[in-house]
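Look for chain A in each of the two complexes below; its partner is chain B in the first and chain C in the second.
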Partner chain A sequence: MRIIAAVDTKSYSDEIMDYVARLAANTWSDLTLLGIQSGNTKVEENLIQAIVRYRNTIFEHEEDAGLYAPVSMTELKETAKGRWEVSSRARKEFSVVIRGGDARKEILAEVAERNADLVILGCTKGIDCIWEGEAYLPQKIARDAPCSVLVIKSARKPDQIVAFLDQTNVSQESLEMINQMVTVNNAGLKIVGLKTPKGVKGDVEKKMVEILKYYNEREIGAWIKLVDSENLEEYVAQSTREGMVALWMGKESILSKIFSRGLIEKLISNTQSSVLLLR
Partner chain B sequence: MENNKISILILDDEPIVSKRLKPSLEKKGYLVETFTESEAALKRVKEKKFDIVITDLKMEGLSGMEFLTEVKKLYPDTEVIVITGFATMDTAKESFQKGIFDFLAKPFKLGEITAVIQRAEEKIRNNSQS
Partner chain C sequence: MKALLYLNEDLASSIAIRYADYLCSAADVQLHIIHIEEPDSRQQAGTGWVRRTWESGMQETGAQAVKRIIRTENVKCHFAGPPKIIVGDKEFETLRELRMGGFDLYMEGHIDTSSTDDFYRIVSSKLYSQAPCPTLMIKNLTVSKTAAIFLANAVDYQRLVTRFQDLFHNSKFDADIIYFKSSEQSELSFMDVSEGGSILKETEKLLKNAGIAVNKTSVLCGTPEQAGDFLRNYAFVAANLPVRKSLRAEVLAHTPASVLFC
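Right, the complex of A and B next:
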């Protein structure tokens, strides 16, 4: 798995680092710490200092497993205008990349360049989710990134993952990403399926049983809740108080049709914990 | 190696994994056999040595960890790649202690596992030359 943790110098970036380190160490992922700054002529000293702290947290979590090789900030090389990088490889690749410019544009460019599976970022706890001085940035990344995005508003480890799956069309990658989240957090799993006002059709029920069987065979204690599609928005909002909310928003997902882009943004604004958008 | 081609055995109880990997690896010139049951895969490795073994960990019956232990016991120079949907630091450490080549958490992109296979192939070819 390839993970990008987008960071700046603020406390919310500090707060997500334990989670990033734990996830990366447990999944043995290639990890990029992507530092974003406004200027693109030279690397800013306060960002370097923050990244050194984040890097140290990452290395504390890898328990001498030889997962990553250390990198020194003095070896950062400018690879393109406003982009600096230093990488190392032990068992997995560890990179620090610094990009200067528009945060949204720079994060999405790095996601594309690295073909990442997951982007993680924190933000302020209010509804505007400020990141690097810009309001609603996590919402924009969640909306526009081609891969899964995890927005962490509370560093507290979730006790439960509430996964909203489009049971008629759920992707293997989504099921796998949920597996990893449940394993890393040692959390319970609630799978939420959709029913129409007319009730549950036979094939929907069959698919939900298959999904439940999939998790039970893997010794993940999951339970299922069926929700009217009309009440979905309200139920999702309520679930943000229960733990991490995971929504499959792949191109073929019904959820991506029910949830307009505006609703995703609202969900991230209103959540008190974490939101995982699966693609 | 048969006719200088690298042989790969894939074991995953989810058929979709082999279904995704097999055609792509065959297109790259690898000889690929796939299994969804560990007992059947073990029977096959007892009959034939594979250059690379790709195995899931969590499976019914013989676990992936037990399977890879058997593979390394039979053929210490077979390169084993672990793929798992339930990765933990402990399972990764245990796998590496048993001499695996790499450990990949699912989901992964085709390009990621192909790159790992290519690195394993490079190692195998270098070892066979020396």
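Right, the complex of A and C next:
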């Protein structure tokens, strides 16, 4: 698995590092710290300082010593116009990439280049969820990235992961990703399924039994809840108050049909905790 | 205790049978299984030999479904006899079985939904309101060995404690006493236990006299959704059966934990 943590120099980027470190160590992932700056002629000094801080946090929290090898910022090399990189490999690859230019474009370009599985970003707290100087960046990344996206609004560990799984089309990777979120946060798991006014279809029930068993076999307790599809939007909004919300938004997902792109942006703006979009 | 578990071939029963397995590991349970095949009105076949053959076919279908779920779930507990498969009306036949069999507890699975109407429909059913013993609505699995004794203003705590004690006095379960006060606020809060009045002390005394360990006593203040969510980690929530819509009943509707109606 490859994780990209997209960062700038602000406190919300600082706050996600502890989480990034734990998740990366738990999943044994290749990890990229992607620093974003506006200029593309030279690396900005304040961004370098921030990334050194983030890098140190990653290595301080590395529970499995030897997973990553340290990198030095003095070895950053310009690999393309406005893109600098330094990387190392121990058991897994650790890299620092700095890209200058439009934040949305640069993050999506790096995601494509590295074929990332998960992008993690922090954002400001409160009603909005923004990057300074970049209106609605987390929302745009969540909307446009081809991979899973985790937007962390609150660094507080969620007590509960509320996973809205589209039972008929859940991928193994997304089940595993939720498994990791539960473990890293030591949180409870609520699996929410959809039902229509006519009830739940037999094949959907069978899938939910399989999902429940999958987690129980990994000694993860899970609560099952069924929600009317017409009340889904309201229930998702309510769930952001209970903990981290995880939505499976794969191409075949019914959720991706119910949740328009605009609604994803609204959800991320209004959430009080964190949102994980699984793809 | 002699317990009757209703099984069907669905998600709710998949959870219920595993929950029953867990219950057997924590308490002395003599577990019986029942399944009822309910024919719809169009399926009603004639009389005599025709009827008998048709019912035998339905019974066989039901027996196969129960066999499949028991085999799939691979539970460790032992059943007291083969599953009882009946063709007829579920409420009527279950009530008759509970009365005739002298059961101490009835259990069935119900998947937690976001609709309080679903909950009220179940608890106001004949089966729940006329059951001669406590009923356990199994919503989810648990690993806890602590039950919540759920109190609020004007509950019959003596009945609650007596029924709970009858079922679990020799079990591995201990209890927390939770008193609910409704309040519209952004987060659930805990009040001083004196806010729960004498009912809390009385309940604690009754439980201790019955030899049931009480870990803690809390007074919760918040919305039914918040209180329901707070109760999610308990093995089950023991409460009086709601006889009308109320905020107390809404807590039980919202909680993902299983509910024991006494």
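Note that the second predicted complex is superposed on the first by the 273 of 279 C-alpha atoms of A that agree within 3 Å, B and C clash if a C-alpha of one lies under 4 Å from a C-alpha of the other, contacts with A are read in each partner's own complex, and residues count from 1 in each chain.
Convention: contacts are C-beta pairs under 8 Å (C-beta built on N, C-alpha and C of every residue); 3 or more make two chains touch, one makes a residue touch a chain.
Here the structure is a predicted model, which means the values were calculated and not measured.
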| item | value |
| --- | --- |
| Side-by-side fit of chain B and chain C on chain A, or clash | fit |
| Chain B versus chain C as contact partner of A:Asn231, first or second or both or neither | second |
| Which of chain B and chain C A:Arg2 touches, first, second, both or neither | first |
| First, second, both or neither for A:Trp223, with chain B first and chain C second | second |
| Touching partner for A:Glu242 - first (chain B), second (chain C), both, neither | second |
| Partner chain in contact with A:Ser29 - chain B first, chain C second, else both or neither | first |
| First (chain B), second (chain C), both or neither touched by A:Thr79 | neither |
| Gap in Å between nearest CA atoms once chain C and chain B share a frame through chain A | 13 |
| Residues of chain B that touch chain A when the two form their complex | 14, 16, 58, 60, 85-89, 92-93, 96, 102-109, 111-112 |
| In the complex with chain C, residue positions of chain A that touch it | 188, 190, 195, 200, 202, 205-206, 208-209, 212, 216, 221-228, 231, 235, 238, 242 |
| Touching residues on chain C, where the partner in the complex is chain A | 10-11, 14-15, 18, 111-115, 139-143, 225, 229, 232-233, 256 |
| Touch list for chain A against partner chain B, complex | 1-2, 25-29, 63, 65-66, 91, 115, 117, 172-173, 175-177, 179-180, 183-184, 217-219 |
